[in-house]
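Before anything else, here is the set of structures, which you'll find just below.
Two complexes, one shared chain (subunit A), two partners (subunit B, subunit C).
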Partner chain A sequence: MRKILFVVYHAPCGTIWPNEGFRTAFGMYGEDIEPEVLFIEQGVISVAKETECSKIGLFPLKMVQKYIKRYGTAVLVEKESLNKYKVKELDENFPTEVISREQIKEKIRQNDFVIFM
Partner chain B sequence: MDKLKITIQVMVPPYTNQDLDTAMNIAEACLDRGHEVALFLFSDSILASNAKVKPVRSDRNIPERMRLLIKEKNLRVDICGICMEYRGVKPEDTVEGAEPSGLPELANLVMSSDRFINLMA
Partner chain C sequence: MLVLIKYGFENLAERWKLEVSGENDTIVLIQNGIFWAISQEIDPYLNRKIFALEPDMEARGYSKEDLKVPVIDYAGLVDLIEANPRSMG
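After this line comes the complex of A and B, so read on.
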């Protein structure tokens, strides 16, 4: 089995990358690959409770939640970025694990490949 | 050194960012050393496979360089099919030898490659 880490650093409203990060991660299940999706920098706004891109007519991100549940995809969020962007409350429908920047280094070592988006 | 299988994934447009140039420079260097290289075009980077692109004469012709790398050095080029449809690029528009592809093929490349390089501006 291979492990792949998708690191999303772009904002959810204004870029396609949080959605593409999940879409690509789900595509990995066709092989013996375990994907994880990590949000850093503006990407952490993706999992904020109040974020809803569809309110301004953009492609909704929350539609990925049912697939996260179905596949059991791990969703990680960097603590320092949450503080930086003042994200106080996370959307409970994203089963997130908050990790520190120090822990991210270990995550990168644990994965075979890392894809930034 | 043993022959490696190397995949390079590009995400951004060819004449806005220069990731496609970097990708093809890396690909050519690896091919010249006998490695097997696949280029996976994702999102706006698929525009680089459009054979109808016509840059000014003094600029580099990215699709033409891609075509030559495919033809002369056996570069494999996969183009995300959904990304093509989103951008109105038809298979007949693309450079000879580049193939419409998708996430199953990307997953297979992730599974089978010795090295995976992701270029994101």
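After this line comes the complex of A and C, so read on.
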């Protein structure tokens, strides 16, 4: 089975990219491709506990959590970005795995395609 | 792995891509990624195989002499895509 890694670097609340990252990843199951979603840079705000775009009337991201659980989609977050953007606590409803940039270098080579969004 | 860079050095994701790339990877600068090739920003990554897409270079008014990396044409890019089944872009 081929593997694909979606790397989301845009912040939520004003851009649709974090939602698109998950939407596109879920679509991969229909193609028998195993997706993973990695958040880096401002994208890590997406999985912070206190982030809720609907507070300002924008499209929420938390709606995808039930599908992540259903499909068992891997959600990765870069440790260095969490520190950079001072994310104190992750939303436990996102089953995230925090990995370092060094570990990401290995992870990238385990995937056939890496797509930034 | 083939790494495609299409935005300039102000883009965090492109910088991140270059940083996680390895010495065995092939990097192609396309579209506004050309701006890396005229800047010292590319210097830390010159130990990789880096090319700039010539039509995108010419479209932005540069010549080969302005660039720190060699150029390839579209046929060369297709060859690299064929030679690298894995890609990051």
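As a convention for this text, the second predicted complex is superposed on the first by the 117 of 117 C-alpha atoms of A that agree within 3 Å, B and C clash if a C-alpha of one lies under 4 Å from a C-alpha of the other, contacts with A are read in each partner's own complex, and residues count from 1 in each chain.
Following the convention adopted for this analysis, contacts are C-beta pairs under 8 Å (C-beta built on N, C-alpha and C of every residue); 3 or more make two chains touch, one makes a residue touch a chain.
No experiment lies behind these values; they were computed from the predicted model shown.
By the touch criterion defined above, A:Lys84 reaches neither subunit B nor subunit C.
When the two structures are aligned on the shared chain, A:Asp32 is found in touch with subunit B, with no touch to subunit C. In the superposed model, A:Lys49 makes contact with neither subunit B nor subunit C.
Between subunit B and subunit C, the partner in contact with more residues of subunit A is B.
Contact with both subunit B and subunit C is seen for A:Ile115 once the two complexes are overlaid on the shared chain. In the superposed model, A:Ile104 lies in contact with subunit C only, and not with subunit B. Of the two partner chains, neither subunit B nor subunit C is touched by A:Lys69.
Of the two partner chains placed by superposition, only subunit B is touched by A:Thr24; subunit C is not. When the shared chain is aligned, subunit C comes close enough to touch A:Glu41, but subunit B does not. Residues 112-116 of subunit A are contacted both by subunit B in one complex and by subunit C in the other. Listed in rising order, the residues of subunit C touching subunit A in the complex are 1, 12-13, 16-17, 19-20, 22, 85-89.
Contact residues of subunit B toward subunit A in the complex are 9, 11, 42-43, 102-104, 106-108, 110-111, 116, 118, 120.
On the subunit A side of its complex with subunit B, the touching residues are 2, 4, 16, 20, 23-24, 26-33, 112-117.
Taken together, the subunit A residues at the contact with subunit C in this complex read 7, 9, 40-42, 101, 104-105, 108-109, 111-116.
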